[in-house]
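Shared chain: chain A. Partners: chain B in the first complex, chain C in the second.
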Partner chain A sequence: METVYRRAQMEELIFSMVRAATIVLFAVFTLIPLIWLFINSIKQPIEYLATPPVILPSRPTSQNYVDLFKDPNSEAPLALKNSLIVTVVATVFSVLIGSLAAYAFTHLKWRLAPLLAGLVLLLGFYPKITAVIPYFVIMNNIGLRDTLLAIIIAFVGLNLPRTVWLMMTFFNDIPKELEQSAMLDGCGPWSRFVKIIVPLAAPGLAVAAIMSALLCWIEFMIASSLAVVKATTLPIAVSVYLTDKGMHWGPMSALGVVTVVPVIIFCLFVQRYLVRGLTLGALKG
Partner chain B sequence: MANIRIVGVSKRFGNVVAVRDIHLSVDDRSFVTLLGPSGCGKSTLLNMIAGLEDPSNGEIYIDDLLINKVPPSFRNVAMVFQSYALYPHMSLRDNLSFALKIRGVAKQDIESKVERVSWMLGIHELLDRKPKELSGGQRQRVALGRAIVRDPKVFLLDEPLSNLDAALRLQMRAELKLLFDTLKATVIYVTHDQAEAMTMSDKIAVLKDGELQQVGTPLEIYFKPVNRFVAGFVGSPTMNLSPCRVAVDGPRFHLRTTDFELTLPASPTSRSWAPFAGRELIMGIRPEHLALAPDAGEGDVRGTCMVVERLGSDTQLLVKTGANVYTLDLPGSATVRTGQNLRIRFDLDALYLFDAESERALSTPEHLASAGGICP
Partner chain C sequence: MKLKQPLLSETMMLAIFLIPLVAVLLVTDIIPLGFSTYLATSSWQLIDRGASATWVGIENFRKVIADPVFRDSFRVSIEFALGSTLVELLLGLVVAYMVVGESWTMRAARTIMIVPMFIPGVVVGTIWRMMLNVNSGIVNYALGLIGIPPQTWFSAANTAMPSIILVDVWYSTSFVIVLLVAGISTLPPDPVRAAMVDGASRWQVFRYIMLPMLTPVLSVAALFRFIGSFFVLDHVYTTTYGGPGFATNAMSFHLYRQGLQFFNLSYTAAASWLMIGFALLVILVLSWLRRVLERHAGP
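Let's look at the complex of A and B:
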């Protein structure tokens, strides 16, 4: 009996050590680049290419951040404003259109629904780079290139497959009797959606909105093909510091931090809902 | 309130026929139960009356108005679901008033109706709570209240007691009966529990594999089952059924099973057995019509007691007579132990005979039906 107890204790100890090591490894891989980014953003210009390399700055400076927002040639203020607008508007439309489509696919008696739902899923799998040129050509032809509207339309298109499928999972988990009860109570499809389905799928809508917002905030490939000057977003503005004449490490790192910090704060606030929402979609309560 | 007429209704889901050619009339202010095992099509039939499913064939009338194409909300029926289907994000007050709000009823009228129904069902103190804060019985009452508050023509109840524990189910059974008697409502009630059906209904419609087997009062269903299925499904404990054959021996008739032979009572005091002579039959006898023989007598059947279930008011025995096992329901507390050899006495006037092939009832004990108030 005692041997079994000791073996169990040993297993517990080994498991704890493996768990701790995994967490440390994960933190090293994910946090070190971020820490490195922040350290770079507060270094003196001479320290970037110093030999031997400077790990910690001798005299930390906030000049790079000041330049980002004070320098009249800096694109950062415009990029920040554009990113905010594009993220909010594209997220609202993605969730609105995506949840309506998901409701139609899951709740309305429609013979083509499974086929179309499969098609939407298929759209989520194509390599996004293949959409860059079509988007560029279409937006250029209809005169929307370098406008926020063009980027919003593209982002909504990017987000929709995932939003639709995520919301379909949530809607499928809502007992059909609730909707049948609402039908008998006198609700049509629209009021059933607004009064019954949406409140019950609120965690799912929150998850869809969070994931959509994150994608819009950091998307680079399609945005860079559609934005030239006026519609530039934060990831594009960061890339501007990579020039043929060299890299501007300081402002690039500072703008990188400006891009990343809102995401970190946002995730810290919403991670509880994100995890709960994702598991809610997978499990029946 | 209203009457309902179902004429030749069928429902197919792909190749599966869930409901087949049902004809059923529900009188105004009557309580009719659709009874049958799981998957027999009773809930599908209820959903078609509610408008939640479209019939593949046939017609449904409420008050002589064809409602096949009428949307659920315009049929003026209220449904209580097995899962109660309370809106979890709304308070009880909002749950009760939701349908009235949707229909544009004046705010004052809504308030007075909600008040009246909540007092009637004893849930007035709970009105500001959410469904998740309620017990099963309270949720059940709210679900009923949500139906009553609409003052519908027809109440449709889909196994509303099946999620409750046994004690609460008994209590709610009585409450429901009392409530619908008071409301003088037309009710269609779906259940697989024959005790619920027997105690609450004016009429029972028994279904099996989507087909209507029999419609009748509870006692008609119990005493005069039209076939083997109804006989076996209604009654607790269930009717004993075993294959048999009627043999002729001069003026006497004998009932032969694989295990024993019984001499049938002679005409004219009893039924005529001649039409069944030589046919493959199924013998049926209810457990309360089997008794332990107090002394050795002619025609008693020997068996071994396999199980003794003492329920206080009565004792149920499972007795093996050979290839067959018979259930006995004895009054009081019988002093029998497992493994004991017993002699069973059959009440031969209480025998049911069914055709072995078609399973239709060929002979039922009329005196039992008459004693139950059923005209022959």
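Let's look at the complex of A and C:
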């Protein structure tokens, strides 16, 4: 009995050490590239391609950031503006349209309603490369090729299936009795939606909005197929640095930081919602 | 109490709620997919906006399958998906097991570890391209400090694949960790406690109690990661651009280039339908596998 107890203690001690080591190692592994990105963005120009690499910049400079936004040739201000516009507009519309549709799917007594909902969900799971090229051709033919509108519409479509799915799970958790009394008072679906459902499902709406916003901010494939000059977004601007502008690591890192910092701040504050959004589908599946 | 007679019936209103959804999805998915089927079965040319298009049946599919570059990109995507999924599942499981718990240290650790997956893929690729640069990258520098010679990373065909797998591991293990932490946290505590009272070691508890109960979450994670890696584009675009040569010419990237740079539209359409077919196959196989595993797991 004694030896079992002591062995368990020993084991716990070893485990604690292993656990601490694993966490530290993996956290360092996770953080170093991000820290390196930041360090690269404040280096002097001659320090970029130094061999061996400069780890602590001798005279940190904000010149790269200044160049990004003051240089008339830089696409950064436009890219930032476009990314913000696209993200906000697409998120608002995808949450609006998606939650309305989810409400309809959970309230319609139509036999085909679950089938339609399932189809919508399925549309969230095919490789978008199949639709990217035809969508580009269509947009090209109606003259919307290099516009934010084309990107916004595409992003709304990209986010809708997941938003509908998310909101349906939240709406299904709201007891029908809450609406029945309103229905007896003559409340139509729209007022029930606005006055009862939306306030109750607010956390769900937050999750949907956050996940949509994140996806819009980081999306590359669809945006790059449509945007040429006027509708460029931040991910496109970053990718351009490696193809067109060669090895200007400084401004490229600064642009990377500009793209990444909102993400990190977002993650710190809304981590709870992100995790909830990610695991909701997976655990029930 | 005066009852207002509604202008539209309840069902009609609800149907109206669905109109924006249908309108958007029509434009972003249904019509493009339909057009894609047309592109895949005809000889559409971009230059004349399809004026000379004729129906060619499965001819495009034959051409795609016969194309050695396409077959090679399939091999690349499979290797990449298998490699990255396996490493991410293993690493993710180990880290997730270590990082469960409500103490502030655990939560802080999890907050840090969740960040990579939300960084734009192109930025992830850019960062690692700088870090794995043969001459001025810090990884080779750090390796040199402990006596390991500099590696060729992205610049040589035989090390390019492990390099992009490394990038994806940094990028996507965080997703696996989120899923698995949630899975582990929601396991019923009684079987675990019972086993520990019986004197089982941590490893035994994990291997024989927790792991079988985690198979559903693990299979979901495996599916998402395999499909996700198979469709990779963003960080390949900014690290290797398919190279050196065609060593990392993953399928999505290959089709992206064929379609948007060379405007090989019929080829791209037919190939992407093949890709969808393959993805469906994977989903079916993994679901079947999961059912087999669950039958052997048991409480």
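In this text, the second predicted complex is superposed on the first by the 243 of 285 C-alpha atoms of A that agree within 3 Å, B and C clash if a C-alpha of one lies under 4 Å from a C-alpha of the other, contacts with A are read in each partner's own complex, and residues count from 1 in each chain.
The working rule: a contact is a pair of C-beta atoms (placed from the backbone, for glycine too) under 8 Å apart; a residue touches a chain by one contact, two chains touch by 3 or more.
Because the structure is predicted, anything quoted here is derived from the model rather than measured.
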**Item:** When chain B and chain C are modelled together on chain A, clash or fit
**Value:** fit
**Request:** State whether A:227 touches chain B only (first), chain C only (second), both chains, or neither.
**Result:** neither
**Prompt:** Where does A:181 make contact in the superposed view: on chain B (first), on chain C (second), on both, or on neither?
**Reply:** first
**Request:** State whether A:42 touches chain B only (first), chain C only (second), both chains, or neither.
**Result:** neither
**Prompt:** Between chain B (first) and chain C (second), which, if any, makes contact with A:190: first, second, both or neither?
**Reply:** second
**Message:** For the overlaid complexes, name the partner, chain B or chain C, with more touching residues on chain A.
**Reply:** C
**Asked** A:90 contacts which: chain B (first), chain C (second), both, neither?
**Response** neither
**Prompt:** Quick one: smallest Cα-Cα gap between chain B and chain C in the superposed arrangement, Å?
**Reply:** 5
**Message:** Under the contact rule defined above, give the chain A residues that sit at the interface with chain B and also at the interface with chain C.
**Reply:** 186
**Asked** Where on chain B does chain A make contact in their complex?
**Response** 47, 50-52, 71-73, 77-79, 81-83, 85, 87-89, 98-99, 102-103, 146, 150
**Prompt:** Taking the complex as given, what residues does chain A use to touch chain B?
**Reply:** 175, 177-178, 180-187, 191, 196, 199-200
**Message:** Please output the residues of chain A touching chain C within their complex, sorted ascending.
**Reply:** 4, 8, 11-12, 15, 18-19, 22-23, 26-27, 29-31, 33-34, 36-37, 40, 48-53, 55, 96-98, 100-101, 103-105, 107-110, 116, 120, 123, 126-127, 129-138, 141, 153-154, 156-158, 160, 164, 186, 188-190, 193, 214, 217-221, 224-225, 234-235, 238-239, 241-243, 249, 252-253, 256, 259-260, 263-264, 266-268, 271, 274-275, 278-279, 282-283, 285
**Request:** Spell out the part of chain C that touches chain A in their complex, as residue ranges.
**Result:** 3-4, 6, 10-11, 13-15, 17-18, 20-21, 24-25, 27-29, 31-33, 35-36, 39, 46, 49, 91, 94-95, 98-99, 109-116, 118-124, 126-131, 135-138, 141, 144, 170, 174-175, 178-179, 182-183, 186, 199, 201-202, 216-217, 220-221, 224, 231, 233-234, 237-238, 241, 252, 255-256, 259-260, 265, 268-269, 272-273, 275-276, 279
